[in-house]
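The two complexes that follow have chain A in common; it is paired with chain B in the first and with chain C in the second.
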Partner chain A sequence: MNSVLNSKKTIFLLVFPGLAIMVFAILAPILLSLYYSLTSWSGFGAKEFIGLANYKEIITKDATFWRSLWNALLLLGVTVFIQNVLAFILASVLIQLTDRLSLILRTIYFVPAILTVVVITKLWVNIMNPNFGLLNKLLKSAGLEDLAYAWLSDPKTALGAVIFITVWHGFGWALLFYYSGLTTVPKELEEAAVVDGAGPVTRYLKVVIPYMMPVIQAVIIIDITACLKQMEIVMLTTAGGPGNTTQFVAYHLYEQAFKFSRYGYGNAISILFVIIALTITLLARKYLSGDNGNE
Partner chain B sequence: MKNSKLLVFLLIMFAIMTPLFGSGQSDAEDGKVVLKMGDNLPDRTNTWGLVAEEINAAFIEAHPNVEFEVESYQDQPYQEKIKIYATAGQLPDIMKYWSFSTLLHPLVESNMVAPLDPADFEGLGWMPGALESNMVDGKLYGIPVSGDLWVMYYNKAILDECGVGVPTTMAELKAASAKISEMGYIPMVTDGKDGWPLSITFDNIFWRVTGDYSIMLDALAGKRSFTDPEFKKAAQAYQDFFKNDGNFGNDLVTTDYGAARNLFGQQQAAMYLMGSWELGLATDSNFPEEFRSNVRAAKFPVMESGKGVADDLVAWFGGNYIIKADSEHKDLAYEYLKTYAELYPKLVWEKQAGFPAQAVAASDSDTPVAKDLLGIGADATATSGTTGLDLKTPAFKEVHMKLCKDLAAGVISVDEFCESLQEAAEIANK
Partner chain C sequence: MNKLNKKITPGQIGLFTFLGLFALAQLFPLVWLFNYSLHKSGNLFGKKVFELPDPPQWGNYVRAWTDGRIVQYFSNTLIVVFFSITLIMAFSFMLAYACARMKWKLRSAIYSIVLLGMVIPIHTTLLPNFMWFKQFGLIDTRIGIIIPYIAFNMAFSVLMFTGFLQSVPYAMEESAYMEGAGLGRILISIIAPMAKSGFVTVGIMAFLNCWNEFIMANTFLASEPKRTLPFAIIRFEGQYSSDYAVQFACMILVAIIPIIIYFTFSKRVIAGVTAGSVKG
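Then we have the complex of A and B:
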């Protein structure tokens, strides 16, 4: 067995399929995208090489790009600091319940995550509709007419509404990860902490959370990529409006490439997008793993 | 030996990877020719979509070896899909498209559309200017399928219930909208999410304000500025119409085409701002009979203080059918276009499903809305041709639509609107 695994040919044969897929499906498109980002091109017809002009325009003139990046970071902040915290607390409660009750509740909480984005988005668009939506009807029946907004059309509420739908959709996944992680925390560790006089809060802060750090790290990394590439919910609810209130990077990229027919410019946004996503992901990994670079 | 094993392995990997990254045209395994087709008619059981299916069936009857593979979406997602297919070199053999400089022209300039011989389409009763609207540099590239008029549909029963007449002026419309709202209906709907109906309406209001559409064309050509007073006056009237006068719900900019159409068809809204291609509302079995028998069409209201008249009609030839230049089945696709041009006007008018770009024989059995539209067309003393958003570049079109959405939503001022539109026109004219 060892001799087989030591064979360079075997190693090559085992590694090649994954490597080939990575090269063709990830590396080659990124390199192509890098090339297109240096051109002025509508997506078809003649290309004109313009060097770094697209990047210069994005960085110095494209206020929508910065607005969309800010919105994505805001969504990330809400996801990490609100959705994750709530999911963690709820998972901690669910794990204390009887198996049957926990299973029922987990199933209910996970339902939004298994529905397609189109379905959940249309559901919320209808609930939030100012004319016939359930939300405003409930508010009005409760005498709270002043709070009945055109949730997705009003500049004051549109971004919050989009973020809410996104967080609602992703909540089940975070809960699932945390619940699964919590089931792996050794009872002995918690019992030892109790014997040492630790209360519930101390037990969580000193034992459970440190034990769960790899899970928390994984969830946050997934959140970073999911938030930065958020597009479908924006497209199906507000299309980035009103104004640029709910514009996100991935949708801005899509609009530039396929609506404005600025394929080169869209690719430049995508390259910056990759760089920003990688930077945030690496920073998050470094911070969350406690790696201060002295290893 | 080692090398041959490696070669076999690489070939196997290539065979596995090819379907992942490959594409391409494939005909049916039973030897039938598959014609790929794209259009913006997702409902194949009603109105225009049903007509398209009947034409396909007639073509298959004459060409039993042909199968159609049809891909349909609502028009904005469809237009974006075609752009993506064009980028990937995967256009369908036959496409419903639009003759505008923002849509057809980029494909023609990239040699992606097959030229057509006008002689093959002679004698089919085209309206004056219909075929010419599909010509680029003197060559015909598409057959026009609809004559498009910008009108205001209304539900007669709802207006009667609310005790209001058909609004003919903006003041009447504002007063009617207030009463309709009181009665619990949405006064008027349109597709505000996609933006183009708002852009077309901006042109319509501009014309009502100034009485001279050539000013708009001059501004687009760079001979005038969108910051001139008449544009600011029109922009203010536009913002009043969409935002300040209570004519539309406050979810205008998130209401898409399907939602607006359904709100009107399901009798939640009293009026519907849209083009004459919605003639089929009166025969669409998705909607209740009460609605279908009460739907009517009226001219866009005039401005009391404006110089424009009700018979200045925003109208153009937009939709067309085109053929992919390098289609493997170009001859068959060409035959299909000829079949379509021959059958379409008769079938679509029989079903009262659309307003063709070819002459039709009006009859007493036409639906009331069809008669209204024929009347509006016949009354027109001047027509706009293709509207402003589609006369420049794709980027200008997007900016135009976005600015119109933002002005309607009240997130930009009239001055900001005019200045940004001027800036976009200057970029497009470079």
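Then we have the complex of A and C:
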């Protein structure tokens, strides 16, 4: 049997299709991007090789680039400290219910997550519309007219509104991640804590949360990539504006290449983006999993 | 599990208010959208926060269905998603099998490289792929969108299948090899049935990813006859710029298909995603 399992031909046949597609559609374009990033190409005509000038410009002059990284960080903060905390609390409640009720509720809470980002985004654009949107009508009927904004076009609220839509859309995923994590907490651990006289809060702080740390870390790592990648919602709501208040890296590079015909420059942002995403994820993985290396 | 007793306590009222508020927050926006898709557009500008349509304007849906070219976009999406999912499942299962069961020199190197694919954001390939695919005549073709869909779903799917294969006992295939069965037959008739839940999970995740993918479809599929479903909304918005009710109807039509599929298979979807998140 080992002859089949070790046959080079078999291995090649099994591995080649998937790997070839990944090389063709991920690795090759990134290498190509590296090459374009060293040119001042507009996307048409001749390419001029300009060395690292694009990178220099991004790092020293491109305020929008730095703004977009800062926005990703803000989004991450809201995701981790608000969305994740709410999802964790809700998951902790759901796990106490009967299996049937919890399944029904999880099904409901996950509905937004299965819808295309275009439906979700356009839905919220309408809810936040200053003329007929549900949000301002609710505020007015509650006598809070002063709080009614043109949510997505006012520089004061635009970023908050974009972050809200993103966090709302991703809530179902966070909930399911934590729910499935909580199903693995051994009942004996919790029962032992109850026997020791621990109330529900202490039980959570001392037993459940420490046990869930690997899950929490995994979700945070997923969140980091997701926040860096944020693009579609921005594109469909504010297009980065007003000014550059709601810019995110992916949309910035898209705009530079396709709107301002700075294809080489866009590719340089793209390469920095790959480097940042890889570095942060690898660091997070190493640092976060280093915490429970002795378990 | 039986924490819910027959008598209703204040604590339970609080609990259900809490659960209800979340359900409201996740569902009410969609209910609002559906409700106003049945109004006349002008009614949206009324003072009331929420008002049922009287009478419901089903004609909005007729216009959205025909002018929104829902059938055309839906079939385009279906073709792309069908081939993507099938190939994602086949290729990632094969690759995972080679990595989980076979011994070869480059195994761990290749496995790590494949998993690295999970960290690369789709958006970093948007610009170069535009030029790269052009050279092969792949821009504005369905194959040109199926290929990156497969590529970007490989990493996660391989990870899932490797996990599942590790829990599939070795004995069955061993005896099959002894009897001289070929690898292809063993994979299809012995291993695949045992890794069935793996296929369900990978299939569901890949479906959600491909069905809802917007940015690559929007960038690479430029010609109208090939555009996919999410684009219906964008195009419709331009066409019916002030007719909000018809726009809403179009959005509901686009949303309703995954919602129906989701509620039909909700148990499997939730279980699949849950299993996926434990392994991932």
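Criterion: the second predicted complex is superposed on the first by the 266 of 295 C-alpha atoms of A that agree within 3 Å, B and C clash if a C-alpha of one lies under 4 Å from a C-alpha of the other, contacts with A are read in each partner's own complex, and residues count from 1 in each chain.
The definition used in the following text is that a residue touches a chain if its C-beta (ideal position, glycine included) is under 8 Å from a C-beta of that chain, and two chains touch if they have at least 3 such contacts.
Because the structure is a prediction, the values reported are computed rather than measured.
Asker: After the overlay on chain A, what do you see for chain B versus chain C, clash or fit?
Answerer: They clash: once the shared chain is superposed, the two partners overlap in space.
Asker: Thinking of the overlay built on chain A, is A:Y204 touched by chain B (first), by chain C (second), by both, or by neither?
Answerer: neither
Asker: Once the structures are superposed on A, label A:F88 by its partner contacts, choosing first (chain B), second (chain C), both or neither.
Answerer: In the superposed model, A:F88 contacts neither chain B nor chain C.
Asker: Who does A:L115 touch here: chain B (first), chain C (second), both, or neither?
Answerer: second
Asker: Touch test for A:A239: chain B only (first), chain C only (second), both, or neither?
Answerer: first
Asker: Going by the contact rule set out at the top, does A:I127 touch chain B (first), chain C (second), both, or neither?
Answerer: In the superposition, A:I127 contacts chain C only.
Asker: Please indicate which partner A:L278 is in contact with in the superposed arrangement: first for chain B, second for chain C, both, or neither.
Answerer: second
Asker: Taking the superposition on A as described, I'd like to know which of chain B and chain C A:F65 touches: first, second, both or neither.
Answerer: A:F65: touches no partner chain.
Asker: Between chain B and chain C, pick out the one touching the greater number of residues of chain A.
Answerer: Touching more residues of chain A than the other partner does is C.
Asker: Counting only touches as set out at the top, which of chain B and chain C does A:P17 meet: first, second, both, neither?
Answerer: A:P17 contacts both chain B and chain C.
Asker: Who does A:L253 touch here: chain B (first), chain C (second), both, or neither?
Answerer: Only chain C is touched by A:L253; chain B is not.
Asker: Which stretch of chain B would you flag for clashing with chain C, going by 4-12, 58-66 or 256-264?
Answerer: Only 256-264 shows clashing C-alpha atoms.
Asker: Determine where on chain A the residues touched by chain B overlap those touched by chain C, and list them.
Answerer: Common interface on chain A, chain B vs chain C: 13, 17, 21, 24-25, 43, 131-132, 258, 263.
Asker: For chain C, which residues count as touching chain A in their complex?
Answerer: Within the complex, chain C contacts chain A at residues 1-4, 15, 18-19, 22-23, 25-27, 29-30, 32-33, 44-45, 47-50, 90-92, 94-95, 97-98, 101-104, 110, 114, 116-129, 131-132, 147-148, 150-152, 154-155, 158, 174, 177-178, 182-183, 208, 211-212, 214-215, 219, 229-231, 233-234, 237, 244, 247-248, 251, 254-255, 258-259, 262-263, 266-267, 269-270, 273-275, 277-278, 280.
Asker: Could you list, by residue number, the parts of chain A that touch chain C in their complex?
Answerer: 1, 4-6, 8, 10-11, 13-15, 17-19, 21-22, 24-26, 28-30, 32-33, 36, 43, 90, 93-94, 96-99, 101, 103, 105-119, 122-124, 126-127, 131-132, 134, 137-138, 141, 168, 171-173, 176-177, 179-181, 183-184, 218, 222, 225, 228-229, 231-232, 235-236, 249-250, 253-254, 257-258, 263, 266-267, 270-271, 273-274, 277-278, 281-282
Asker: Note which residues of chain A are touching chain B in the complex, please.
Answerer: Spelled out, the residues of chain A in touch with chain B are 9, 13, 16-17, 20-21, 24-25, 42-45, 125, 129-132, 150, 152-155, 237-239, 241-243, 245, 255, 258-263.
Asker: Provide the residue numbers of chain B that touch chain A in the complex, in ascending order.
Answerer: Answer in residue numbers: 2, 6, 9, 13, 16-17, 20-21, 80, 83-84, 86-87, 106-107, 109-110, 112, 186, 193-194, 249-254, 263, 268, 393-395, 398, 402, 405-406, 409-412.
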